[in-house]
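What follows is a pair of complexes built around subunit A, which joins subunit B in one and subunit C in the other.
Here is the complex of A and B:
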């Protein structure tokens, strides 16, 4: 029964940390065993519930993928099942050709690259100014910008289009990327993070005669660098999937992006949608985002919670595979120790 | 404080004055065929220098409609370059991806005068452009207008102006699996029979109920006589010879005994097993199309624009591959109660009146070329939209196509069943919203295992639609 001894800390005195070794009664021992089993069952149930919830999220993607490789006859039945009779990989080639992917993919990449490469020239200084600089009309300008965020895009579309068309910005790359360059979401995100930097750091830089530009670029920006990755990922997803804005602000096909083309597949053959091609098109359009998620899911998760590191209740946790290997190594080590004790 | 108050007062007064803009009182929509000499735009090429015009299509560049339009535009441009090298017209087509987006952009563009010269607009939105469109009677002669099937002119007139040409014509029909329907032993009429003698046709709502019930009963499980996403508002009422709205389309008129009778009929179709309950599956509307192609539905309520693609899958593609057709497919109108009725859907073309003389002339020349019989037939054959003119169906290419697919021809023939006089329906946004809300709320008859009070459902529908009429009136 030596193994049944456990360590217990009884705080007899305020500063006493010496453990008191106590032997468990058989009843306590049985209770402990039952508790352990109950915990084990609960853990299994917890995992099952998590798997079930996970499946509800994964199912649409799997279904979409399977629809994309079905034949026309199978796809048109719109079955919710996950069985495919004949795999038609050629659907991807057909969807690629019918939706003129090579043209629209180039446009989507250009759009994303233009926004991602140019927006920081405007967002970061604006965020810095709102967060750290005192100037006349600071609050008024901020609230004005905030007001734009409150109004739904659809409500302002007609005046915005009117303004754009008068300025000759419709159907131009400049017009298309302009609002993203001054995105309130980006200004907010950077402004809030600039505000978290202690004032003392800035004051000491000021004492060293650093100018605003130096403080912003050499001190503050490096300190909030993870936020850039967060913002980069979120902006990429948002721009990559942008549909209505692109549809409204473009006329010619030379500027339209993938979501517009993929939607066109719905009527590729007329009124009856060729669902297999639509889903193949969707899969191809989603591919960059899915790849980003697979390779950078940790960063994506951080992005979703505003750049903070994810710490689980049990401390840092690696992947399931890593944890499994570690547990196996621990078990092997333990059995070696037991064997050594027995040998002695 | 005083200054702010004064500013506010001026602003409010400004808004008040703007809203006081007097609206011209014009009653009714007027007759299209007015016995009057119209000042028609020249029918020949009168331009002396090259002109470029914009044409906005509500389709997408990658769908079959958009591809066909782009092809026609390219043909026109080529024809112009070859025929008039010094004064050709160049049409630039832009695809807007849907009517909603198209309307939004057009309204903003019209304010800024950056609109195109010619655009595709949904038929129920014609009225929105009353102020901005050229009257089609200044473009087409009396005989040319008479060439259009009457049923495709239901939305053409608004406040005495012929606004849009119905180039993207469509209607609602029943797609029929004739093999399944005739296997019941009951007679199934043809379009030709119905048109020959509509007065004595046995194709009534009661007969359709009997036929679809028999299909459901006498076939394997999972096969239904009828498939629909819900009750058909316009067809159900107009075939009873009853209006849905009052003269000015400001009051709903379906919350009455006729309404109860209609909804009871549509609920019985589900209760008696003629059709599946459409509210049990959110994808019902999509699935029934697939089920029809699979041969598991006798009659499918569908837009005529589905005929082409469904027929290709049921018949054309299989025959081309040397296989037997899946079944014999046909079309039928909505059954009659007192009379038959074919509604009009789809879109049309509008020429805007705020452009320079040369650009307007160019747009009109393009419109005339596009709506000529050969081009109309070509567009219809390739897209499934219905050819709106009688002359288009007399062309060689149409006659050849009709040998392969006679269903479009039969559907066009049904357009003779147009309602007499003006359509008393709301137009533009109000119609779209009213139709949507009616379709949504009327499904109440199918909820709670078909136990909801029909009067209550009907009242809810009427209240919703009435609210829309009041808040979206013109």
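Here is the complex of A and C:
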């Protein structure tokens, strides 16, 4: 017996990935069928489990809504069921009156509108400068802004409050909206998107003697228009939900916004909070964003995870909003092209 | 009739021409005045243009002394390090291959043995075969091991030799470079350059002095021109006003048809005026921005905000933590040295609790979040309608504000609330969650995790979708099981994204404020007190500014150290990725 030949270790083994075709025995066929059925059942169970897990995240909101329409006696039982004996819609009216919601709602809307309308005047030029222009102190300033992102507002609270009180900005709209106008987040977002635009386009514009202002407003901004919608949505949500800054930088009731008001409802009445009213107030504060989420959840999700690429089922076709934006951008580009042709 | 001809012969054009004449008059007077005013200055600039260029060059030379030498040295070193890295890589690869060599051979022998054994039916033959096989195996293995040992030594010695060679050549080159550049001493070079610069500056100063004198001589003339210019301007403006008035009166006397024609043409005239204004504005703009980079205009607001919200508070915080601060009158604040820090670290038990709790909270949150999120993302990463629906549902809490979530969960975590009722179904007596010392912090972190799961699941799913499909196809060809694919392929490929996201979250959870403030107020007996809430409580409500700022510095230090470590780690990771 020649062992060296049997155990020929130097020989390379043949690997073949071609499929082997063979006939199945009836028993195997039956087994395959059963396996298929088991797999189908498992798939359905998996889906059911998924929906159950999903419900644990949605159920509290539904329960909150039901709590808000129960009477006080029913509400303090914290019954987990989805049954309501009498529908007390007047809870909403009472919560509205007790927490002076009309003022706070006005404040919230003012806050959001002020920030949303003013921020782009500061953010877009700064982002453009950081992304596309060269100037002295570029890096220093950028690191300073990054440090600002790193330094928590919770830590610098006292010095900032001191400066505000010396400058007379406490309890004013100016002071309240000031930090959101130059937020590093927005600058980052726009900067990254400005950077994706190819350099050739800008060079050709420079050859046509376009100024920086023209390049920014007439070329770059239309090209990244969808980002504006994303950013608009994000800032609206963060503004509507902002709590810390408003709590810290206001003393009087004059400027406080909805989240602070709802919290006031919770902690107003001594020991036992009126749960039905608290939930009603909470519901009113949540309503706009929740409604937005119900009607545009795909867009909201896409916007909230910040431009990361992700594919959702059924999202390929594009929603009405997205199609509208696309059409708008196409129109803008087309009109620019027409204009350029006419010029020549 | 052609529109242009009509425009040219119309009354509107006559009025416009008269106005333009007045405007040109103003411009001429202005040009005269400005030309006289800046004549000497322009002359001076022209004369000293070359001098300035030279000065700039000399200064650059002075600053960049031996710049090329330094660059060369740096390049040499970089090349050397790269080569060493390559050598080490080769060595490691060789060693690894060598190590696996014997294992591979053994596996092959065993496989073949099993095959051969199956072919033998008789017991005697089998015994004989096995005996022989054992002999053969020991012999073969011994030979292979010997071979392996030799090969290892060879690789190591080869590596040592090459490394020595490389180092020698590098040192030789470096010494030669140093020797070559030792010849020009720095002092002499500097002295020469400084003298040159000084003479150049003196020349420029002399020119400037001359210019000033000339300007002083012509001051009266310029003043007269200035007065003239203003007089002309006033006069011309009055003239324009009267022309406009005249035109208005004439139009009011026109017949309706004529007026219609007039107004139609007036549109073009207005456009003309607008273009003229635009042109002047553009020229002024280019004049300004030729000197000043427009980027400065763009970043000024950002700069001011960075000063107001970052730099000044930072400095103020550091300085202020050494004082007992009086906010109404800063002069009266007292320097107390490190007392604030000593106090909070030795006497203030609440602060110590807060410090520990912050770290514990961040750890609990991040561990819970990572485990749950990765598991759920792997589960939900398919692209079907049901998966999508679940993702949407899981994402819901993220859009709500922390305030509403906190209020909602106060009700849910009530001793008789939903959570405890649900636990009671399984016969578990739930704790009092927020009202109990040992569970309060955990409850708060549970709530924030519940809120954030949806967001991080989506982020990780987007990372999963970014992994190219061919990787999984290759794994499928190698018949890897699902769990192997997940642990050996998905997780390592996902690790950079995941660690970045979760480290950021970890750092962010040092700043937790709203849930603590609403749900526990620092908790029963300070069991859920965290640093940011402590700062708010001591500084904003209790007015102990110095103490609060000392605490704030501790928080800032924690965050900064973590961020720096994170950045260092990611720089290294990125470097590695770039190198390969």
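Here is the rule we use: the second predicted complex is superposed on the first by the 257 of 344 C-alpha atoms of A that agree within 3 Å, B and C clash if a C-alpha of one lies under 4 Å from a C-alpha of the other, contacts with A are read in each partner's own complex, and residues count from 1 in each chain.
The criterion applied here is as follows: a contact is a pair of C-beta atoms (placed from the backbone, for glycine too) under 8 Å apart; a residue touches a chain by one contact, two chains touch by 3 or more.
Since the structure is predicted, the reported quantities are computational estimates derived from the model, not experimental observations.
Participant: Consider subunit A as the common anchor and indicate whether subunit B and subunit C clash or fit when overlaid.
Facilitator: Overlaying the two complexes on subunit A (C-alpha atoms) leaves subunit C and subunit B clashing.
Participant: Could you figure out whether subunit B or subunit C reaches more residues of subunit A?
Facilitator: Touched residues of subunit A are more numerous for C.
Participant: So in the superposed three-chain picture, is A:272 touching just subunit B, just subunit C, both, or none of them (first/second/both/neither)?
Facilitator: A:272 contacts subunit B only, not subunit C.
Participant: Give one of first, second, both or neither to describe whether A:195 is in contact with subunit B, with subunit C, with both, or with none.
Facilitator: Neither partner.
Participant: Who does A:252 touch here: subunit B (first), subunit C (second), both, or neither?
Facilitator: first
Participant: Is A:162 contacted by the first partner subunit B, the second partner subunit C, both or neither?
Facilitator: both
Participant: Who does A:100 touch here: subunit B (first), subunit C (second), both, or neither?
Facilitator: first
Participant: State whether A:78 touches subunit B only (first), subunit C only (second), both chains, or neither.
Facilitator: Once the two structures are laid over each other on A, A:78 reaches both partners.
Participant: Would you sort A:170 into first (subunit B), second (subunit C), both or neither based on which partner it touches?
Facilitator: Only subunit B; A:170 stays clear of subunit C.
Participant: By the touch definition at the top of the document, which applies to A:36: first (subunit B), second (subunit C), both, or neither?
Facilitator: A:36 sits against neither subunit B nor subunit C.
Participant: Name the contact category of A:326: first (subunit B only), second (subunit C only), both, or neither.
Facilitator: Neither: A:326 stays clear of subunit B and subunit C.
Participant: Now that the structures are stacked on chain A, which of 109-117, 235-243 or 379-387 shows subunit B clashing with subunit C?
Facilitator: It is 109-117; the other listed stretches have no clashes.
Participant: Which subunit A residues are contacted by subunit C in one complex and by subunit B in the other?
Facilitator: Correct list for subunit A: 77-78, 157-159, 161-162, 165, 244, 247-248, 263, 266, 275.
Participant: Name, in rising order, each residue of subunit A that touches subunit C in their complex.
Facilitator: Going through subunit A, the ones touching subunit C are 1, 3, 6-9, 17, 47, 50-51, 53-55, 57-58, 60-61, 63-64, 67, 77-78, 80, 122, 125-126, 128-130, 133-136, 138, 141, 144-145, 147-148, 150-163, 165, 178-179, 181-182, 187, 211-213, 237, 240-241, 243-244, 247-248, 259, 262-263, 266, 275, 278-279, 282, 285-286, 289-290, 292-293, 297-298, 300-301, 304-305, 308-315.
Participant: Under the stated contact criterion, what part of subunit C meets subunit A in this complex?
Facilitator: 105, 108-109, 112-113, 116, 129, 132-133, 136, 140, 285-286, 289, 293-299, 301-303, 305-306, 308-314, 316-317, 320, 327, 376, 379-380, 383-404, 407-412, 414, 416-418, 421-422, 450, 453-455, 458-459, 461-463, 465-466, 477, 510-511, 513-514, 517-518, 531-532, 535-536, 539-540, 545, 548-549, 552-553, 555-556, 559-560, 563
Participant: Touching residues of subunit B toward subunit A in the complex: what are they?
Facilitator: 54, 56, 59-66, 92, 94-98, 101, 104-105, 107-109, 111-112, 114, 283, 286-287, 289-291, 293-294, 302-303, 305-306, 308-310, 312-313, 383-384
Participant: Which subunit A residues qualify as touching subunit B in the complex?
Facilitator: Interface residues on the subunit A side: 72-73, 76-78, 98-100, 157-159, 161-162, 165-166, 170, 244, 247-248, 251-253, 256, 260-261, 263-273, 275.
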